[in-house]
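Take a look at the structure set out below.
Going in written order, the chains are labelled A, B and C, and every chain counts its residues from 1.
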């Protein structure tokens, strides 16, 4: 962070000194403008390498944490450097698009960093029975099976009619919820407990626990989407930024 | 001898001198009820049921009272009958009627007598403290509640069979029968001949039936079995009652007798023919690749042998220990078994999975037996001698050579050792040597599992579980143990049915003197060991442990914890682990939480590594730095995974093309498994998972230190 | 009856160990969108390049004069060895002439360093001050001698006062005797009574030099004899003499009358405004050329029409008190700097507003070789 601030200050000073006396104003074509552009693009390439680094996590190329910190701080630095490069103007079609992409990428990155700071805590406190997100469908299937088995092999001293009623209650109120907790209404266990004889209450408690787990997994899914969906904006646009930025660099240097 | 003349119940009797009153009455056809007297045993006179009026101040026990000239004996007077009745009533008060014998065969002598006397219950109160049962023997059930301390079994075991296993223990109210020095019967020197069962008048000692187990195959005829030298001196009744516990099996050439990794409960004794024993699981590590990295790749697992994928810390083994008289060579794991070989002992005795695949090379005949029969066989001195001889001839050398220190022993030396070593048996829980004791022998394990543990201020720390081919005791012998003077540095105890080869101190000394390089290596090992000991002692903490116990965290020496407030659930740790380990992750991001940390499912380096008990091929072991590794000859039986209470060991399937075991000559594609576990990435400075976490959320910690604040705060 | 228990082993065994290798929605869409976004970008640019619409690659809109060249990059960006192109002077000079500014300048900046294209649709000639100050802020000349101020950074900083009004400046070279103060007083006698003259009455906006016929004749008729209404023509003395002679030709004593009339004219009427000189005694005088300067500032261009918003006396205030022709009634730079002071809401004070770099007096004729078809596809 200290390094980044220092570099930013240095860059700002250089920009101020160079921008004013340059004939034609500060722009990418001048030597210093070009230097800013190259520095900015180099930083963008480093940012992009984070994705590549994650593909070879075991290679000892520096700790993942160092890379992540570097990604965050240097990413912030990219924005002012490119603004200096462009002299705070947009000009052509390609460059306007690039500037817009850069703005969106940096802003989405900041948003993502903020989300990743607060949401893990939210997930931890609000989903005590958390599991692995990708396995939620698998775990839910196992929960459904557990519930079915619980109800199917119930060894309880009760009247046959009561047992039938219990099975019916399960089929009507609880099973639909287990199959689609997003849409089905949540079963109300206090009222179920009143309606069902005491002998089944242990089983009911277990079912309540299963339903609670389903509810929590649902919550986990939603929180996880919030935690990771911003990447769908950040990553594709940053790839586009790198590609188009490269084309811009080539074309600008050519002309 | 001169004859004696006496009167019994008004009848004049003439008997030779030395005859007891009981015998004299018997000769007259008068039956005096007894409980503790058996015709073929020396009378003891303890039950007093046979008392008669013989003209003395008190009634006399007729079984021990010698007849005298001119004696007048009344065997059925009112007084005698009253006494008899009272005695029976007293005995019946504590008798768990109907006792086992009464249930089995309806002929409990005590109950029969009581019924004859017309006793239905007893006026007297039952004793309050229970005397218990002893279920440890495989053939005989012991119910001390039914025991009337008649001493018949003691005399039967001693006088008749000359085994001298049974004896008495305790005094007065606490008196009872005991085996050896009051060991459980199954752990004693009892040979299950069944004499005591036959002698016992009540249900205190009864034959056990084998319930509901029938082995396929031709039931062995008892007469045939008894003809075999192996079954000599075995109780015919016992064999009769357990007819289906031993069967004769015939196998054609090429037929599979048992497969590695399967669970079983029988042992095999080869009578005729030869069999091939081998490992059909390739010796390699599983490697899983592919997945969603590439768009179009599916997951595929394959095996990488040691040449392609050398791992740090793997030992160069010469042999792989299996549950048979001979071990398999590592490079070509095939061996031959012939007549007289017993295999499958561990499976049969301790229910471990089969350690290798056995196929009949020629047509074979063998006995397949359950545990109780095997037990009898092993206790039979004859058979034991044969099995020991087999071991000495074939496996002892390999085991000795497996001890890296002894690799340089010459064949001549080993020959000289062969007959000097002792094969000693230990039962479950027996301590073989205790920490601090004077060292007097070196041990090799022939069969079974031995727990090697050290005492620490925090409790017992299990260093290792050793199986077949393992060894211990050398450090103490060198005299370098802590405290000097050749003391044991650890306690070694048997976990199950264990047999060890004991090499006495003089022979050990001779070995070390003849091969001085051994001494040097031994000293190195001992020095390292002592250093580690010192280190461990330094780490004692005084943190209260109760909050850990629920999750078993106290058992752990190293935990992988994920700080849930920083973790973004990105799976970088899991991917890194898989990357570092052939595509198979050793860590699962799931488990119970402690505080706001997730205790991930990954090897915890437990103080007591339960995973190591029972591996049929000894491929799971503990390195010096205390983490567990699984060698590449794992046969995928899954016992370690089952034993680990936290699910830290996982099995991975892969497909292999091997010879079709059911259709010789053809190849088949089967799914085999290999077990994997976290090895703490010791080849790197930092575990890969911790290294790869971008948010500083993964930590490998010592739970006591890491959670110190949480626990004490 | 067992309630549900959670143990590590139970939880771990629920998980399929290869989960992280499968394709899940978020990572999959990330990949798809990445390729789509990059592909869309490349496709857009590729299509633009292929169809000749190079405007997509433009680094900015072209200046007003060059908009027709928007899709014709090569008209300025000529290939220069290998992959690169340059905008060379030659490229500019195919259409434009760019006469040298000063023979003694130490270096000649490239066309593009002052005329920066791709900055937007405004005049390319509007260069920034930096183009000028790159030399003039610390002026050096090829032979070491500098004629002008050496350290000008902007109009309000370092710009010297105008030469015409600098201390020690030359007086107004005009020979017409005029007192602005008299002419501007409120009770001036006019042909029909009192008049109040304003600046505009004599000085128009376009032709600021007053002419006798338009501006002076109505008050200052050249009457030489009250018997004649017609004044003498406002011309040289020979023409006047001939006129007078002709006029008196019909009368007697014409020679004497001519002499008397001429004496009146030379001594009084003409002398009122002009300076007469006698090359030789007793000859006809000659009238000195009026020498009224048309353009006072030779190195800058001042546009009166742009300054219509202020009254004449705001800048030329000295006129009200000027009595003699020798007074130079131009404002000094301080007057200009009141409005042109370089502030954000001030009047524009860029160099090119008044000055020009190229010496257009040496311009060559156009030599372009392009056809219309070169630009219009």
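Annotations for the structure displayed:
Operating definition for what follows: contacts are C-beta pairs under 8 Å (C-beta built on N, C-alpha and C of every residue); 3 or more make two chains touch, one makes a residue touch a chain.
Please read these numbers as outputs of a predicted model, since none were measured by experiment.
The interface holding more C-beta pairs in contact, when A-B is weighed against A-C, is A-C. Using the average of C-alpha coordinates as each chain's centre, B ends up farthest from chain C. Closest to the middle of the protein, by Cα centroid, lies chain A.
One finds 111 Å separating the Cα centroids of chain B and chain C. Chain A and chain B have centres, each the mean of its CA atoms, that are 55 Å apart. For the pair chain A and chain C, the distance between mean C-alpha positions equals 60 Å.
Of all residues in chain A, those touching 2 or more other chains are 131-132, 134, listed in ascending order. Shown for chain C are the residues in touch with two or more other chains, namely 6, 11, 14-15, 20, 22, 24.
Touching of two or more other chains is recorded for residues 293, 571, 575, 588, 590 of chain B.
Interface of chain B with chain A (complex): residues 293, 564-569, 571-572, 575-576, 579-580, 588-590, 593, 596, 684, 688, 691-696.
Touching chain B in their complex are the following residues of chain A: 54-58, 60, 63-65, 67-68, 116, 119-121, 123-124, 128, 131-134, 224, 227. Partner chain C is touched in their complex by these residues of chain B: 288, 290-293, 295, 299, 551, 571, 574-575, 578, 583-585, 588, 590-592, 599, 601, 644-648, 650, 652.
Considering their complex, residues 1, 3-4, 6, 11, 14-16, 19-20, 22, 24, 26, 29-30, 33-38, 40-42, 45, 55-61, 73, 77, 83-85, 87, 109, 112-114, 116, 118-120, 127-128, 130-131, 133-134 of chain C touch chain A. Across the complex, chain C meets chain B through its residues 6-15, 17-18, 20-24, 27-28, 31.
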